[in-house]
Amino acid sequence: MSEYNFAYLDEDTKRMIRRAILKGIAVPGYQVPFASREMPMPYGWGTGGVQVTAATLVPEDVLKVIDQGADDTTNAVSIRKFFQRTAGIATTERTTEATVIQTRHRIPETPLNEDQILVYQVPIPEPMRFLEPRETETRRIHALADYGLMQVRLYEDIARHGEIATSYAYPVEVAGRYVMDPSPIPKFDNPKLDDCPAIQLFGAGREQRIYALPPYTRVRSLDFDDYPFSASKADHACAICGSATSYLDEVITDDAGGRMYVCSDTDYCARRAEGGA
Amino acid sequence: MAMSAAALEMQDVPGPLLSVRNVGKRYGARIGCSDVSFDLWPGEVLGVVGESGSGKSTLLSCLSGQLRPDEGEVIFDTRDQGPRDTLLMSEPERRRLGRTDWAFVHQNPRDGLRLGVSAGGNVGERLMANGARHYGRIRATAQDWLTRVEIDPSRVDDRPRQFSGGMQQRLQIARNLVSGPRLAFMDEPTGGLDVSVQARLLDLLRGLVRDIGLSVVLVTHDLAVVRLLADRLMVMKDGRVIESGLTDQVLDDPQHAYTQLLVSSVLQV
Amino acid sequence: MYVAVKGGERAIDAAHDWLDRAHRGPAEQPALDTAQIRDQMALAVARVMAEGSLYDPDLAALAIKQARGDLIEAIFLLRAYRTTLPRLGASDPVDTGAMRVKRRVSATFKDIPGGQILGPTFDYTHRLLDFRLAADGELPMSDPKGGDEKTLHAPHVLSFLNREGLIEDAADEGADPPDLTREPMELPADRALRLQALARGDEGFLLGLAYSTQRGYARNHAFVGELRIGMVSVELEIPELGFAIEIAEVELTECETVNQFKGSKSEPAQFTRGYGLTFGQTERKALSMALVDRALRWEELGEDNQGAPAQDQEFVLSHCDNIQATGFLEHIKLPHYVDFQAELELVRRLRAGTEDAK
């Protein structure tokens, strides 16, 4: 693919995206509009994350791409191959060796450090989209920090179900100001957003928004004082490595509906099974 | 006097709660309302009456921040900054005012409620918008208010769609009053309701106004409503105030020919 | 001992191999010639260019071949290619009044200067499957009568109405229109931005919306003032030369509708306009575009918001791009088992709660 620029995007486009990223880092949790480009993979399949990664990569980077926590899921494979072809950078499955990690729907179990960037793929960036479909109105709500509606929705959940019935894409308050959608990560992962040493970038291609969390940002999951947020997961241990603290996939093993639970984060699981920590 | 002793005690502010000076709004060549001035004191209910097209609804919209008047001042005595012209406030300030110190009761309750949210959520919204974060207390406060507006508190989880028109209106009132506002704007609050339901609602409003020491600007075409609720009265015609004074005085001894016409047109049952 | 599923990369490679074989079809058949697609499936090529926002019949034909006839997939290929192209500049606005017309009709007048020219249209054909076309069959051709294309320089029909002041002005305010593909779309959008979005919007979506206005969802009484199709010159100003030169000729479809008049006792009544402009011979799209354009203008024309879908700017513009739409729709095929697992746990917990409560 030598007729394409490094990491596919032309330099003007990268500059535009980097400006949006910088704005996002300057105003944590605020959705910055950007002119998302048509990419060679469909909207909804990670074009936002791919554009953020493409604008961020330098030739010395080591890239990890995961989807549902695994390196080997089809879309992660496809995206990793895309960057191998268009950027020629080194790739890895090991979280500890990566400098840039692009992810869909999970945060790695292995804690991140200050030399890493985590890029999230975001389908719907607006946390209130399903309460208020009009973008003109949600924009105003964010500008005026008029988040009563968001809290009402949580109230309604408790009134109807006895608990807050959101299990993924659980809304958070960032640095005491903006309410943000952390992308469809399970709520189990929410605590990892808080006070994280790495830079966290969020890209929504189809919806044309970028937002960001600079390192060590205070991120608080919305809740009530008497119904505090809890990062719950299935009450089992991984059948392969034995971890009782990592998020698990449920696998149906036979026609009778037998099931077992294994770590969603395949790299974390493999290291533990090998005998490393 | 219109204020209860309790309300009098609360007020150590000498000036009027709301001072309106020369408010006017035009629609092209047509006058919406023109040159309206008045003072409203704590605990006072001011009725604004007139027929359709008199400008009373336009005036209400201009005072409550829904329409921008072309001229005039709307000075409200804020808690922390004294008297301020609300027309010069920034949008965040105005919105905050709208969910704390001010209330707006729409003629059609569906315009003032979230239909997809439970009664409890509707009443609790202002509390949550103002930072309340304890579910149990929010719910208890909501149920308390449902009781005060004579809605069975066990219906706290029902949607407004499941309520009658009168109940929806009472729910709207509870939703507004939960934040302890000092000033309420009401646009034909009993319009469209059955007569017996109206009567009950008026009694409720009268009681609440007295208990809270609420000031109200009440727009209506119904003279019976102002007779019951309002201390003072302004009569509007073609966008202007043509007569004002104490309710009983104006209704029993109207001076202006138009007021005389209005009063005499009311059916005596 | 359960071993985690691996082999995603091998699966993708195998899938692509199978796709290549399915794409080629039986080996004894000749492979499709892109020139045949370009010339004999011109209307498919036109749609792909219009919604791909790129005028290149050869590339569009290639995209259709590569996409196995899935036109939205072909549009996607063209759009992705377009992103990589360098921007040289913006042409002068094209002069459709100087169009070399092959088709030009008006429903508002029986006869017009320049005449009504039917052109190569399906309009009056009888929709009977013609089995002479089966296999590689052809139809007998008559001799062309005196040239197919007319160099027609006829004024726009609406200019006659305009001269009498009967129709609202379509004044050029001289502002530069924004570029949807270079800046994020911000709502509310002005008419120029809306027209841009509609020009590359999905034909089916706009067809449905246009149809809805005809059936009463914000009816705007559309008459086709003029529909013209033909070749138009594209000119680019060259700074070094100091004047504009023709860099290409493109085929365009232009539709101008005459719609519901507005006016009052104090303002004289005038007809209002709707406008559609697309690449290639894409009548259905241009007509739909004009009706939806007019429906979206309700606010600037002082009309009521009837709550009709075609009047809702945010609804129409957010959902008319078929590449965005199909991308997001089809992404639900991707693995979502992590989030599903979270929902499973929630539902199990809630059910346990209701069980305890019983």
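A, B and C are the chain letters, set down in written order, and residue numbers restart from 1 in every chain.
Basically, a contact is a pair of C-beta atoms (placed from the backbone, for glycine too) under 8 Å apart; a residue touches a chain by one contact, two chains touch by 3 or more.
Please read all numbers here as calculations on a predicted model, not as lab measurements.
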| item | value |
| --- | --- |
| Overall pattern in which the protein chains touch one another (line/ring/star/complete/other) | line |
| A-C or A-B, whichever has more C-beta pairs in contact | A-C |
| Centroid comparison with subunit C (C-alpha atoms), farthest chain | B |
| For subunit B paired with subunit C, centre-to-centre distance based on mean C-alpha positions, whole Å | 51 |
| CA centroid of subunit A to CA centroid of subunit C, Å | 34 |
| Euclidean distance of C-alpha centroids - subunit A vs subunit B, Å | 47 |
| Subunit C-facing residues of subunit A, complex | 4, 10, 33-40, 42-45, 47, 67-70, 72-78, 81, 104-106, 123, 133-136, 161-163, 165, 167-169, 184-188, 206, 208-209, 232-234, 239-240, 247-251, 253, 260, 262, 264, 266, 269 |
| Sites on subunit B touched by subunit A in the complex | 91-92, 95, 99, 114, 117-118, 120-121, 124-126, 128-130, 133-136, 138-139, 156-157 |
| Contact footprint of subunit A on subunit C as seen in their complex | 2, 4-9, 11-12, 76, 79-80, 82-84, 86, 181-188, 314, 318, 323-324, 326-331, 334-339, 341-346, 349-350, 353 |
| Subunit A - residues contacting subunit B, complex | 144-149, 151-152, 155-156, 158-160, 223-227 |
